[in-house]
Amino acid sequence: MTSLLEVSDLRVTHRGSPIVDGVDFKLDRGEALGLAGESGCGKTTTALALMKLLPPALTQSGSMTLRPEGAEEPINLGRRTEAGMQLVRWRHISLVFQGAMNSLDPVQRIDAQMAEAIRLHSDQKGGKEVGRKISDLFKTVGLPVSAARRYPHELSGGQRQRVMIALALCCDPSLVIADEPTTALDVVMQAQVLQLLERLRESLGLALILISHDLGVLGETCDRIAIMYAGRIVETGPVRSVFDDPQHPYTKLLLDSLPVIGGERGLAPPIPGAPPDPGSPPEGCRFRPRCPYAKDECLADPPLREVAKGQSAACHFAPWKKWPDPRAAAAAGKKA
Amino acid sequence: MSGRWLAGKAAAAVVTLVFVIVFNFFLFRVMGDPTTQFTRIPNITPTELADLRSDYGLDKPLLTGQFVDYIGDTASFDLGTSQRSRRAVWTEIKDALPWTLLLVGVGTLLATLIGSWLGVIAATRRGRNSDNGLLGFSLFTYAAPEYWIGIILILVFAFWIPILPAGLQMTPGVEFSSWVSEVTDVAEHLILPATAMTLMLLGQYFLIMRSSMVDVLTEDFITVKRATGLPWDRVVSRHAVPNALLPLVTLSAIQFGAVVGGAITIETIFSWPGLGELTFQAINDKDFPVLQGVFLVFSAGVIFANLLADCLYFYLDPRVKAD
Amino acid sequence: MSGTATPAGLDARAAAGAPVELADERLRDVLLGTWRGRISVGLLGFFIFIAIFGSLLAPDDPYASSLDVLAPPSWAHPLGTTEQGSDVLSQLLVGARVSIVVGFAAAAISALLGSIVGLTGGYLGGWPDRILDALENWFLVIPALPLMIVLARLLDPSLGVLILVIGLTSWAGTGRIVRAQVLTLRERAFVERAKALGAGDTYVIRTHILPNTLPLIFANTVLIVAVAILSEAALSFLGLGDPSRISWGTMLENAFDSGAPSAEAWWYVIPPGLCITLLVLSVSVIGFLFEEHINPRLRDDR
Amino acid sequence: PAGAQETTTEDGGKAVLKIGWGQDPQTLNPFVGLDEENYTVWALNWDLLVNFDPEDLQPAPGIAESWEVSDDQQTVTFTLADRKWSDGTPITSRDVKYSLDVLGGEGTLFAGYTSNVESVTTPDDKTVVVKTKQPEARIVGGLFIYILPEHIWGKVPVSELTSSYQPEIPMVGSGPFIVTEFERNRILRMERNPEWSGEEPNFDEVQFIKYGNEDATERALQLGEVDIVAEVQPSTFERLGNEENIETVRGASPSYTELAFNLCSAEDCPDAEFNPAVQDKTVRQAIANVIARERINEISALGTSFVANGILPSFYKTFYETPELDYNPTDVEEAKRLLDEAGWQDNGDQPRTKGDQTLSFELQVRSESQSDIQASRLIAEMVKEIGVEFKVQVVSVDALTEATVRFVDGKPAPDFDTFVWGWGGDPYDPSFLLSLFTTEEIGNSSDSFYSNPEYDRLFREQAAAFDDEERKQIIGQMVDLTQEDLPYVVLTEDPNLQAYRTDRLSNVEQQCPADEGGDIFCEQISYEPMLTLALADGSSSDDDGGGGSGVLIAIGVLVVGAIVYFVIRSRRRGGGGPIELEE
Amino acid sequence: MATAEPNGSLIEVRDLAIEFSARGQLARAVDGVSLDWRRGEILGVVGESGCGKSTLARAMLALVEPAAGSVSLRGQVVSGEGAGGRKGVSDLRRRVQMIFQDPYQTLNPRQRVEAIVTEPLRVQGVPEGKHDERVRRALDDVGLDPERYLGRYPHQLSGGQRQRVAIAAALVLEPEGLICDEPVSMLDASVRAQILSVLLELQKRRVLALVFITHDLSLAWSLCDRIAVMYLGRIVEQGSAVDVIERPKHPYTKALVNAVPVPEAGGGGRRELLGGELPDPTAIPPGCRFHPRCPRRFEPCDSVDPSLMPAGGRDQLAACLLHDPAQSSAAKAAADA
């Protein structure tokens, strides 16, 4: 089976300095991919690059091939013009943004905004048809249909996030990118939205790219996960394998620092240092300056390679059978 | 969902107007000595002066007499009598008002349309040559005194290339064969003053619209709209512009004061027989009743325009209805 | 634009209640970082120089008349002569002083008044704020030029009266912007923290509110300078200027009154207006640069 | 070519004269009107009891056909002509009595003329007898009171006449033209008086078109929108004359510009403030000796004015000759000698001093007049040579007025040393200008506060002199007195500058008085020239005007329409039809 | 965790109510809260956004005037009914400090780090001479090299560094208690751990009491000694962290815990989630304020407003009728249903 989306060597630069630095991944139909990483590591940039929506200051390169259901030819997103992209956007890929607060036009009613997108991409132009579609979508996301007649500011944050999801679904896309759809919400609401996404994915057979810096969120919702660090994917694989058996030190430390109810109380040692400035990343492995396991080899750039079934990591020492105690390792590394 | 906000605005406008009226009284009675108006009259004797003072009610006590009279008169549109023409100030104003409205209306309309249109263009082409050019042009018209622009327009279009009349509102003394030719004639005379007015306001509207558009274009929902596959020009015209209009509406309300200022100087330059020229004459003649009346009317006009802008804002921005 | 009391951009933000910060970039970079800034600073410097030394530089007595009336530019009179046969260039050089002095002094008054009112209202809140805010709104709504005209007509025009009249009618915009900024600052955590430490009002205003408002006041004041210069010119043009001094506005008045336009005496009409325009332009651009600097959203490189 | 050429005729070839002016009269009511423009209109609309001859301003028949002066010179009997008002009503002695009594009594501008009148009686419809308290020549040669139709004005209460009354249009009159339309700030239209019985005018209509300021008016002349400009500025006078098809006219006027000194005595003005040195006659004479009036005229008035010689303009030829004592403007040595002799010590570059007095004076001048300012600066320059300092202060006209009319404790308290300003007199009789130096006027019009019993006596004498030669001789003495005492150094006599289009008008002559003196249409004084003034040959043309720029308008309308259309369309597209939601 | 003087209360809150007027209506942001914050203890306060956590924190510092109830410091009432005047408040403000959520808002952009950290000493009138030393020590404590950072402006610092400066400024007075209002929710996972470890270390070393306000239940669970769960201005459950999170007794706490995403593949799908949203504090539902959203509500819940009552573990209290002995039978029935 060919994958829905294939991205290879995606690069985004800002005045020559890289922000996203060679990202490759594949996404199957109906699959949910989680994209995790610290703030500023390039998650949003990657998502925008997929839809070619980057601000003019940023330039992108690399190939992105989309094979939507029913299309004879694969769509080479990388080479599409702006006009060409307009046919792809929303029809095939839609986006749920970080902060639904600002994702809707504040001076237009919600039904108008949804109708606009529906009419743009389908033959359904009549008020009845479009209205039915909107009503259906609202029911799907669990909102009262009357909410469609409101203005965005008349809805609560959670409702707005649902509206965004409904909007993302209105042209039956094959892929939805959700960029931190829950960060602005509190736990209860967050759980509701995640559950909704999950349900929809199952019932509609959507592929989903879920972006979050909260590994817990990704763990619940995704099949596969990709961990980004400083503009690169450093580890990717099925969620279970990555969580149970991380193969990159960054992933490992990140998971360790997460408190898990029912696990061990108290704080795990934090990852020392700060993420690198994406404009001038360190030589070799980008995690090297913060990595307790770093050795001389790490001065060479490690490629992302398969280290276990379906699981890849960009570390010279992967696969790790057993993780040494980071403190001891760090001390050892210093000596060496 | 209620008009409370609007009702509040209207109430505030009324309060402001009342305050203007009160202010007007004290300004002209307390700061300026109203008897100085009589120094125009040669050979006036003290008894005649006293008579005049009582004619004008100046011998009454300030608050309980003069002020009460003044409020009553103002409420019934009695703004006093012009020192010069001996006509009711209100009549003078009524004669001049339509011309000012015409000039200001056309000038503001054109300036808003062209200015905001150019602002949108510049904001969407930020940093490019067209943006820089427009910005330079607008800053220039923003900085240039409107009467100077007016004089230059006269110099160029009435003398160097004599294609337009240099002043007045219509060809004098002509009996027009039909209203069409009359309207055409007025329109012809309107071109230069309206151009000056437009140029004076253009820069301001342009700058407001540009910065407001620049702000709006960085909003997330713009990216979302683009993400839905909406062509860029439609994103701009249907989503960015309506949002950018909001600050334009509030800010242009504040600019009405400037419009009025411009009307004074431009009308003076072009001998346009509106309130501005009336003001200018009143300045020269020290015709305080007229000056007082014109000031009142200008203020009321600006207050009303502000209220209008609030209504427009109410209509444009659904958010204000919430409170 | 005569009689504009509020510069456009700043108010937008004040209205939106967005906090404003001045990052610690050097003043020099803000002003001299772009070619626009360099030209404007250069122009303003030039005009200030003229304002100080203009009367020494003037080739002729600006008041001296001759029979050479409305003469076009020549070697003797590089910018021609006035209707009195005076040298236009000399008048232009001498006239700079009024514009600059009135512009800056009136703006200073306006800034002082606006800041005091804005700070007091914004910080105190409650009924003092409501009263001051109403006063501000009132001054904002009242058309500035007519108010100035009335005041100038009632008082006898002189330089001091002009400064006072312009200053007193143009502070409201500053007041509102300052108030909005103070309102947002008041809610900022560092102010709350200072209060939590037990700091008094004067301390909070002095160390937290004022320093964070000053850049805004400054940027706004620069823009008010432009407005004040235009107002002076407009009042002078209407015959309400200081009668004993030549200013660009009175030059325009004389030019217009004496029929320079119909004489096609462009050398008499264009230079004073152009000087006003360039001065206002340079001041405005500097103001906008500060503004842009305070509000990085307006910056071009993003 | 907008608006050009379509001036004179339209609608069936009506002959129209278009006169441009900067201001229009704000009211036509003679009881309150104050503007110069008023007289222009009134003079066309109404006769005086006795008109003036445009040639030499001597009395000429007006409402009165003839008159007789009694032997004691205190009674004048007028016989009225058989004439009708423009509404057909006959003109009778009642109209005259009404006008002399009411307008002469209450009209702001006219009250001065009847102060000496004891009674006006009307023995019959055609006879009016005016009795005066003292003999006064002005009763015949200068009773400048318009005769109004009593059957119209008499119905209006006086209190209304003196406040807000606005005459009805058409304004019933006796002159060749009557006001038929007055649209303020635009146009004042005068059409032929249907009852006019004199010489037939060449024009059917006279339009006065208001342009708001002089420049716009002159522009209009250049562009051919008007035929005459009633008042040209000195600065444009020469240039306008050089324009094709435009001729300029420079006439004398009864007004002048002077340098005035504060001569108020201590008893008249105990609280006056000034440098006492200004009251030293020698100082004034020395100053007068170095003021080169020719140069002032040339520079400050651009040579358009006339050099003045004493307190009366040569406009009043009939009554006036250049005085014997006239200062020689180049005699610096004489001036220095005078000052030296009077004990004013020469301090080189510094002003002269005597005791604690210094010859340093403030010279105030009003800001409105560029030429006055120039004149002041020139004077300051000139007197510097003899060690006198004039500090020129440009002030507003209000401030200057205040300085001259200031009162403290009910007594005049002028606050100035010297100033430059001007006066305008009646256009036929010098009494007003002469009265400025009478003791009686201190506290009223006098602004030099000059007081000389001899002068006062001569003033009364000349007023009673019905014989021109006799009057001329007395006035000569008065002028000589003031030339000696110098309350004023009169600098220039202001001109009357006008311009007209030669391609439009013919029969243009300067009148009132003729030759050097007058103006094109004798504004203010006589309508006679209006009757002779005619269109130039082939000047009428029928141009519909505005055709060319109609295209411009159309384009403008299209552009606005297009913008509106696009705005509406883009909004419409946003809707795309209503959405019907299913609940 | 370490508690130096067990049971000694630093701050006691009694029946506290705070009101705001919002659009002409009174809103009770905090409504009858009683709470003990013991010395050296880490007290967690959790709850949905808008439930009144920050308001409670500000009340504990006497920054808002209570409508009812009181706040006392070491048994001395400093705010509210029976407050003893300014002395108490200034004592309170010296002993207790606060850190805010947003590191970008907490620091005055026009002040250098040195001025920021010195400010508390200046305001509290600590003699000049000691400033430098104490400032340096505070910066050292939060892991910032004084030499490098004293001269910097906030915009020259990263978010984590700013938060450290804020902590240093709070510590420089050597307080006994520190109220942290969501101090890490705006920070990244890795930075968050750094800040938290700084806080924990200080807490241990200086015997500092912490109030830790957070959304994040797992964080509260792993750090705090005791936890109070707030709902709509009221504490609905409190007890030791382990008890409250692992064995919640109030249906709301249960729902909260349930909603926490777990980093385990496919975790959440089948969980029972809380519906609806937090009601507006201007319109608090009658009876138990949680009942409209409560999955286990029964008959008297819409009329009886439960107070905190013992439930389950040691010191564990819950405001739920399910634990009211008087309602036990009905409660059982409801629980079974």
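Should a chain be cited, it is by its letter among A, B, C, D and E, assigned in written order, with residues numbered from 1 in that chain.
Assume a contact is a pair of C-beta atoms (placed from the backbone, for glycine too) under 8 Å apart; a residue touches a chain by one contact, two chains touch by 3 or more.
Remember, predicted model here, so these are calculated numbers, not experimental data.
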item: Those chains which touch chain C and also touch chain A; value: B, D, E
item: Between the pairs B-C and A-B, the one where more C-beta pairs touch; value: B-C
item: Relative to chain E, chain with the most remote C-alpha centre; value: D
item: Inter-centroid spacing, chain D versus chain B (mean Cα positions, whole Å); value: 36
item: Chain B and chain E: spacing of chain centres that average the CA atoms, whole Å; value: 56
item: Gap in Å, rounded to a whole number, between the CA centres of chain E and chain D; value: 88
item: Contacts with two or more other chains, residues of chain E listed in rising order; value: none
item: Residues of chain A engaged with two or more neighbouring chains; value: 108, 116
item: For chain C, residues that touch 2 or more chains besides their own; value: 239, 256, 261-262, 301-302
item: In the complex with chain B, residue positions of chain A that touch it; value: 48, 51, 53, 82-83, 85-91, 94-95, 97-99, 102-109, 116-117, 120-121, 151, 153-154, 164, 167
item: Touching residues (chain side chain C, partner chain D) in the complex; value: 63-67, 69-70, 83-85, 156-157, 239, 243-244, 254, 256-263
item: List of chain B residues in touch with chain C within their complex; value: 12, 15-16, 19-20, 27-28, 31-32, 126-127, 139-140, 142-149, 151-152, 154-155, 158-160, 166, 200-201, 203-204, 207-208, 211-212, 214-215, 218, 247, 250-251, 254-258, 260-262, 264-265, 268-269, 279-280, 283-284, 286, 291-292, 294-295, 298-299, 302-303, 306
item: Chain D - residues contacting chain B, complex; value: 1-3, 6-7, 10-11, 16, 18, 23, 26-27, 29, 32, 34-35, 108, 112, 163-166, 184-187, 189, 207, 209-213, 216, 219-220, 223, 225-226, 398, 401, 405, 410, 444-445, 544-546, 548-550, 552-553, 556, 560, 563, 570, 573-574
item: Interfacial residue positions of chain C with respect to chain B in the complex; value: 1-6, 8-9, 11-12, 15-16, 134, 137-138, 140-147, 149-151, 153-155, 173, 226, 230, 233-234, 237-240, 252, 255-256, 261-262, 264, 266, 269-270, 272-273, 276-278, 280-281, 284-285, 297-298, 300-302
